[in-house]
Amino acid sequence: MFYHQKRLQYFTPPEKPDPVYAKKIQELIGGSFGEMTVMMQYLFQGWNCRGPAKYRDMLLDIGTEEIGHVEMLATMIAHLLDKAPIKMQEDGAKDPVVGAVMGGTNPRDAIAAAMNPQHGIVSGGGAMPADSVGFPWNGRFIVASGNLLADFRSNLHAESQGLMQAIRLYEMTDDRGVRDHLSFMIARDTMHQNQWLAAIEDLQSEGYEETVVPKIAYEYGKNEYAYQFWNHSEGEESAQGRWAKGPSMDGKGEFQYVANPQPIGPEPNPPQPDPRLHGTAKTPQASQAATGEPNIVERVVDVVDKITPGGQE
Amino acid sequence: MFYHQKRLQYFTPPEKPDPVYAKKIQELIGGSFGEMTVMMQYLFQGWNCRGPAKYRDMLLDIGTEEIGHVEMLATMIAHLLDKAPIKMQEDGAKDPVVGAVMGGTNPRDAIAAAMNPQHGIVSGGGAMPADSVGFPWNGRFIVASGNLLADFRSNLHAESQGLMQAIRLYEMTDDRGVRDHLSFMIARDTMHQNQWLAAIEDLQSEGYEETVVPKIAYEYGKNEYAYQFWNHSEGEESAQGRWAKGPSMDGKGEFQYVANPQPIGPEPNPPQPDPRLHGTAKTPQASQAATGEPNIVERVVDVVDKITPGGQE
Amino acid sequence: MFYHQKRLQYFTPPEKPDPVYAKKIQELIGGSFGEMTVMMQYLFQGWNCRGPAKYRDMLLDIGTEEIGHVEMLATMIAHLLDKAPIKMQEDGAKDPVVGAVMGGTNPRDAIAAAMNPQHGIVSGGGAMPADSVGFPWNGRFIVASGNLLADFRSNLHAESQGLMQAIRLYEMTDDRGVRDHLSFMIARDTMHQNQWLAAIEDLQSEGYEETVVPKIAYEYGKNEYAYQFWNHSEGEESAQGRWAKGPSMDGKGEFQYVANPQPIGPEPNPPQPDPRLHGTAKTPQASQAATGEPNIVERVVDVVDKITPGGQE
Amino acid sequence: MFYHQKRLQYFTPPEKPDPVYAKKIQELIGGSFGEMTVMMQYLFQGWNCRGPAKYRDMLLDIGTEEIGHVEMLATMIAHLLDKAPIKMQEDGAKDPVVGAVMGGTNPRDAIAAAMNPQHGIVSGGGAMPADSVGFPWNGRFIVASGNLLADFRSNLHAESQGLMQAIRLYEMTDDRGVRDHLSFMIARDTMHQNQWLAAIEDLQSEGYEETVVPKIAYEYGKNEYAYQFWNHSEGEESAQGRWAKGPSMDGKGEFQYVANPQPIGPEPNPPQPDPRLHGTAKTPQASQAATGEPNIVERVVDVVDKITPGGQE
Amino acid sequence: MFYHQKRLQYFTPPEKPDPVYAKKIQELIGGSFGEMTVMMQYLFQGWNCRGPAKYRDMLLDIGTEEIGHVEMLATMIAHLLDKAPIKMQEDGAKDPVVGAVMGGTNPRDAIAAAMNPQHGIVSGGGAMPADSVGFPWNGRFIVASGNLLADFRSNLHAESQGLMQAIRLYEMTDDRGVRDHLSFMIARDTMHQNQWLAAIEDLQSEGYEETVVPKIAYEYGKNEYAYQFWNHSEGEESAQGRWAKGPSMDGKGEFQYVANPQPIGPEPNPPQPDPRLHGTAKTPQASQAATGEPNIVERVVDVVDKITPGGQE
Amino acid sequence: MFYHQKRLQYFTPPEKPDPVYAKKIQELIGGSFGEMTVMMQYLFQGWNCRGPAKYRDMLLDIGTEEIGHVEMLATMIAHLLDKAPIKMQEDGAKDPVVGAVMGGTNPRDAIAAAMNPQHGIVSGGGAMPADSVGFPWNGRFIVASGNLLADFRSNLHAESQGLMQAIRLYEMTDDRGVRDHLSFMIARDTMHQNQWLAAIEDLQSEGYEETVVPKIAYEYGKNEYAYQFWNHSEGEESAQGRWAKGPSMDGKGEFQYVANPQPIGPEPNPPQPDPRLHGTAKTPQASQAATGEPNIVERVVDVVDKITPGGQE
């Protein structure tokens, strides 16, 4: 169960409105790596967690913090959209040339035209659960697999992309209010990258997981192919990396560089199509209904029915 | 530019068809962490790569390999869908009770009903670019940010989730053909987890990135908050983890556990809504058009227009 | 800012696992009218609210409660998925007929086949942010328009559809645990329907809104058409309803039944296409590049350029 | 079955083209609350209606009217896109500074850049089934539940949001043609809000439904929680509303304000994960295949198989 | 403007309900090539048509017919869902083994489990605007480009895939009512394939278009590559087709088979990344803020600002 | 299996960067008819092909070529985004009027505002798998039905729309580099339209398919309706086309123009709703649980259970 406190975790209002920047900063709310993603990802991981209490508790701590991050950004967007240009001006018509071509626009209108139109039409000046191009946040943005190592790596990736995006948005403005606000979020994302790295170390040092997840992979996999780098593209620059030679990261093998990889499998030879699906077969076929004879599938089905209890016979 | 070779990288046909398993294994083609995701992610990262040649070449090597993995799985699905039950049988009608309620179904029909219907209706017995519930693969499943550390972490996460799913699908069948086939893919995913861990090490040892990405975060962030764990949920089990005490993973701070976190920001106080958007304000408003008087925004706009070159005056 | 408490708002575990029911009850988490929808809708409405404190506070109260409802259902799904059938059994192969056709399935496998496959492959036995067919929750499911009457009507609609779905799911099981659990949620939804009806009354009695929202509609609309019912379909059964006669609900007009509605507008006559877009015009056109002469648009643009400062001349 | 008449229900062409406004007004065609939504929602409700003829007939009347509204707006967009700027001008190159940075753009190009690019590239100057940010209309925007009270509330909500958006778009232009056109649609939406309120009254006065839908909720719900307002957020401003005290809107209870709500349920305790899913359990686990011993699930399955007819034994 | 007539264009009720078939036949309503697609595609093409009246009228004829096809299928689905199994039975519990594992399911429940759950929970036994896996219809399924040849080819393709799917669904049932109903729709699709082939011939014989659309392609294209088949995959079986030799279909060239295609372009060499985006460059970079010196982009911008009117100086 | 070669199939860099054009040309990568669509469509058709080797080989040739087309465009976009304006300038603040309203924007910022924001924030200056409005490519854009005639028609349609879009984009720029680059792609699309027309001819001349696909349609359809044009809309302009008279395109019938089409079917009469779904029935219903008596469905189920082996009795 959850409780809400009125004050924001942190907040500095922008010095001045900026509806175009409001459009951009939506990426941090509803983008693939926005706060809705980390909020939902950590909460679902916490709710689905069946591991030790410290991990579950930690996931719910940070998931709950992230709800407040969405709140902070939603408040920021409300300020950025204040006094956004809504109404087209009569004076466009006074410039007959522009008016004739464009339907009454002036430079301010041009700027207004670059807003997310839904910030006016749909949300009436409020934040939306969407990214910087207006695409809605969706549930496929998150993962909660039940395996904490796989999930902590997902979390590290989400925080890495998310911090990158926050930095880029920081660079895109000189508004001291927005920058101060973002500087808090940047610090939290710095913590969260550290946190997931620490959590990965913790999980491995406690003996829950090893380098490769899940550890049963070694028992099921054809391990002779588990340390080969296949050079599928022209040139061998890729032979120069850590992944091409030396001991593998899991300490169980030696990286091997396959400079001229050859297929191991056969040519594909899928079975001929069921006539009732009317796919194209190797030889032209008369239309099934016309033949009056059972096709291969029907003959198999007949046999099946004869020996099945309650079958046709 | 690309070339195709007829033989498959690896392939073992299934011992027998299994249309329900065909539905499930679609997850490995078109799911969030399926082969289409890694193929597209590595190719776009390679195409967008402006870093050293060894990284670009390596990305295109593995991206090109993954195209072949989609091919292998598509071939597998064609075999699994062979002889899938298509036509409902007359004998359902012979069981008058079931017939009355269900419209002529028998147990084999029940199994057939669990197929992905589009495997019959849409693809005619072929693989589809969709996941195990039929949701289509889409471009938001991938990321290519231009920053290789952020992206290699994304790749590690994708391979971790993907290998987990391959293992689960391995457990869901006893078909020796399918298992043999999957065992090759499991080995390649094992390599790929190793590979991204190696690539991360390589990138850092070459001096391109540090622990936290991007490294400029320290210059922009409020670093006093960059090492604090905030305990937003009841209980302090989360204090027991590596993330709550000791040196931070980046070696630049000390983890600190904030047991009773308090908001730092103010209560939100967004500006009153523009009357022309007809949002609800703090006090009831007469309808704008009725007043006959310019509202606040209009008055601001008037001032603006008067002092703008080419304005209303 | 938010806090989490460990205990659930309410919970009764199911008497026994039921993976097929787990698939169905996902509708209440991630469907169009599931708990994620009301949670996000109320939180965004609260964050975007610029009206009186009592409405904002109320929105955040109920939005925060709904986070806990997602939590309750996620926990329920974890129990329902316990011991879900994962591994296909060898004994399918012992029934040679079924085995030949279906790839080794027995009745338990048939049931297993009806699970949401992602409950095994992706979430490892946990809840997902998706509906009962596996389609992900997305941000277009919610609205926060800034106008509280419009939004409270949206909330009433969401709670009405949501309660209907909870009742249907209640009917679909006899598990006493699930039913007890749902009976709490049904009571809360009953409250919430009452609540939004009360909030609508409150908003109108406080003078914020009238019957039709937004109230300025009367000033902008062609009111002669504002109370007419147009009978666009054969038969006049629709004349028998409250909407066809008597005073209109807003008290400002009289419903009027237009039995044989006729168009008021002209036939459409859209302008001829720009030749550079190569749409089909009324008369066949030579390919533009071939003519060597400027087309209509180019001639307009020429004029524009000549009189624009910095233009071509 | 349907028939089409050439003349539009109503139409006034715009005074002049305006491609940016064409982008915005797409919201009224393909947005969540656009004409495609009400058209499809009323048609599906009508087709699925099994209630009295007057409701079915009325739904098909208005659904059929709405097809014509999409037609009217599509025609409007064709006019607004006439002479839209398509070709970039050479003169951008004459401004070497702008040219160097931006690739040859001038102010008119800047305006052109704010168009929906698909209005040129994809539709060749025609309307699209998408909203103002280009996101496509989809079937999850509508509902037809079979219960008319739930659905009429959905219709009231859709018309309320839709009218709000039409008003906002009216404010965003001074084009007299567009405004005249919208004023007709505003009047129809005014009617439709009235209509759904009347239909709700009709349905209740005829005895089909009561205040809370579906009325069986009282029989299944834990009614002791059906009239409580839970104060999940700091502050008690929410105690001041109609929803916090007095008789409930359904006349069956008394609103009650719970100032300090406490959880009723236990801490969640989901079962330990199936080892074959490789989720993280409370204690570290050896990899399953390695143990050589059946795990818990396998032991259960063994028992099951032994007592199932046709089982392993 | 549109009118509705009560009787269906054609209809035969199913002999008996079949909820699983109801799920499948949704493909014909809301799938990529279902009736919603052709309805919307033809209506939007008609509304956007600026060509001769006969084409516009014809498009609106068939678009209006297709609305009625959605209606016919929606009615069919209502019948197929009649008496669908909703409530789980107590007797599952009587089979203790199955009960213990599966939560009280019997064979009828197994069949029920294969329904589209939303047919019960969401639509209450009615059709939905979605396909056979529950994925919603969306606006990206259609195209209306303004060019009638391109669009008539799209229509031919949609009718070809759609008829294929109708045939497959015909094969999947033995219900005489459903088959009779589908046989009417199959005939209409047969007409519609003929119709679009005729419309393509008509358009070309009237001189609107030639073989390749748009015909200006020859003026803009590098025609030396316009008739070459590039053999990008191993083997030369592809040399045996009509596309590899002989006169091209447009009569303007000769097909040419390029057996060993070689790249014409250079190696890609994208510019180094802007330091403010923190992408990985060819050489490791100090963090920008730390240098205290303007980076390359800033230096360019400085120059720009100095020579721009109203710039920094 | 696939191989990559470093050089691009063809490439000419743009003369100068143009971030707005970069946004537009994304349509050719990730739009409905972009290169990702044809690449994936041809590859899946090839992988699913069970017909003669020449078709399979040809599909994989062209599918493999198209991977390289995505690569070419991704490289183009990297160049177009070079030096894109990222940082907002201080000098906006120097224009106090604009600054007060817009938050510090100048004309260059206005242009920057029209970029796809994700080109900066998400991809760091690289191409994305999305269209010109930022909507992601998805798997529903393609089809591979197994029937080659249906699929070759889909391919012809995709190449027709795609070439149209390439031409429009060609017209939208004067950059000689971009135009040269596009002129190669235009030539390849010209080939591909020719190719699919040739492949259709080849398939029919080889006897695999006839005019209408699938050819069994004549056996299942009500052929008396297979050549009628129904005039559903006012006016008979549609009688003037090739589709309204003369022999049908398949040579098996005569087109017939039905000027006043009348419904053949009855009025719909769907069955009354199951009481447990709480839909609205023809007469008001007491709530089910209150009656204490089994409803119709329960009575049917009782009968069923009594005669089912293992039923309730």
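First chain written, first letter: the chains are A, B, C, D, E and F, and each begins at residue 1.
Here is the rule we go by: a contact is a pair of C-beta atoms (placed from the backbone, for glycine too) under 8 Å apart; a residue touches a chain by one contact, two chains touch by 3 or more.
Values in this document were obtained by computation on a predicted structure and should not be read as measured data.
Colleague: On the document's contact criterion, could you list the chains that touch chain B and likewise touch chain D?
Modeller: Common neighbours, chain B/chain D: A, C, E, F.
Colleague: Just going by residue numbers, which of B-D, A-C or A-B has an interface where over half the contact pairs are the same as at D-E?
Modeller: Going through B-D, A-C or A-B one by one, only A-C repeats the D-E interface.
Colleague: Can you work out the rotation angle that lays chain E over chain F using Cα coordinates, in steps of 5 degrees?
Modeller: 180
Colleague: How far is the middle of chain B from the middle of chain F, if each middle is the mean of its Cα atoms, in Å?
Modeller: 22
Colleague: Rounded to a whole Å, what is the gap between the Cα centroids of chain C and chain F?
Modeller: So the centroids are 24 Å from each other.
Colleague: Indicate the residues of chain C shared as contacts by at least two other chains.
Modeller: Correct list: 1-9, 32, 47-48, 50, 55, 60-61, 64-65, 68, 71, 75, 78, 83, 86-87, 89-90, 98, 100-101, 107-108, 110, 113-114, 120, 122, 124-125, 130, 133-136, 138, 140, 143, 145-147, 149, 164, 167-168, 171, 214, 216, 218, 220, 232-233, 235, 261, 263, 268, 270-271, 273, 276-279, 300-301, 304, 308.
Colleague: Within their complex, state which residues of chain B touch chain E.
Modeller: 1-6, 47-52, 55, 86-90, 98-105, 107, 109-110, 113-114, 116-118, 120-122, 124, 130, 133-136, 145-149, 203, 206-209, 214-216, 218-220
Colleague: Which residues, counting only chain F, touch chain C once they are in their complex?
Modeller: Per the stated touch rule, the residues are 164, 167-168, 171, 276-278.
Colleague: For a test of understanding, state which residues of chain F touch chain D in their complex under the given definition.
Modeller: Contact set of chain F toward chain D: 14-21, 23-24, 27, 31-32, 80, 83, 85, 107-108, 110-111, 113-114, 131-135, 164-165, 168-169, 171-175, 232-235, 261, 263, 268, 270-273, 277-282, 284, 287-290.
Colleague: Going by the contact rule at the top, pick out the chain B residues touching chain F in the complex.
Modeller: It comes out as residues 1-5, 7-9, 30, 36, 40, 43-44, 47-48, 50, 60-61, 63-65, 67-68, 70-71, 74-75, 78, 97-98, 100-101, 122-130, 136-140, 142-147, 300-301, 303-304, 307-308.
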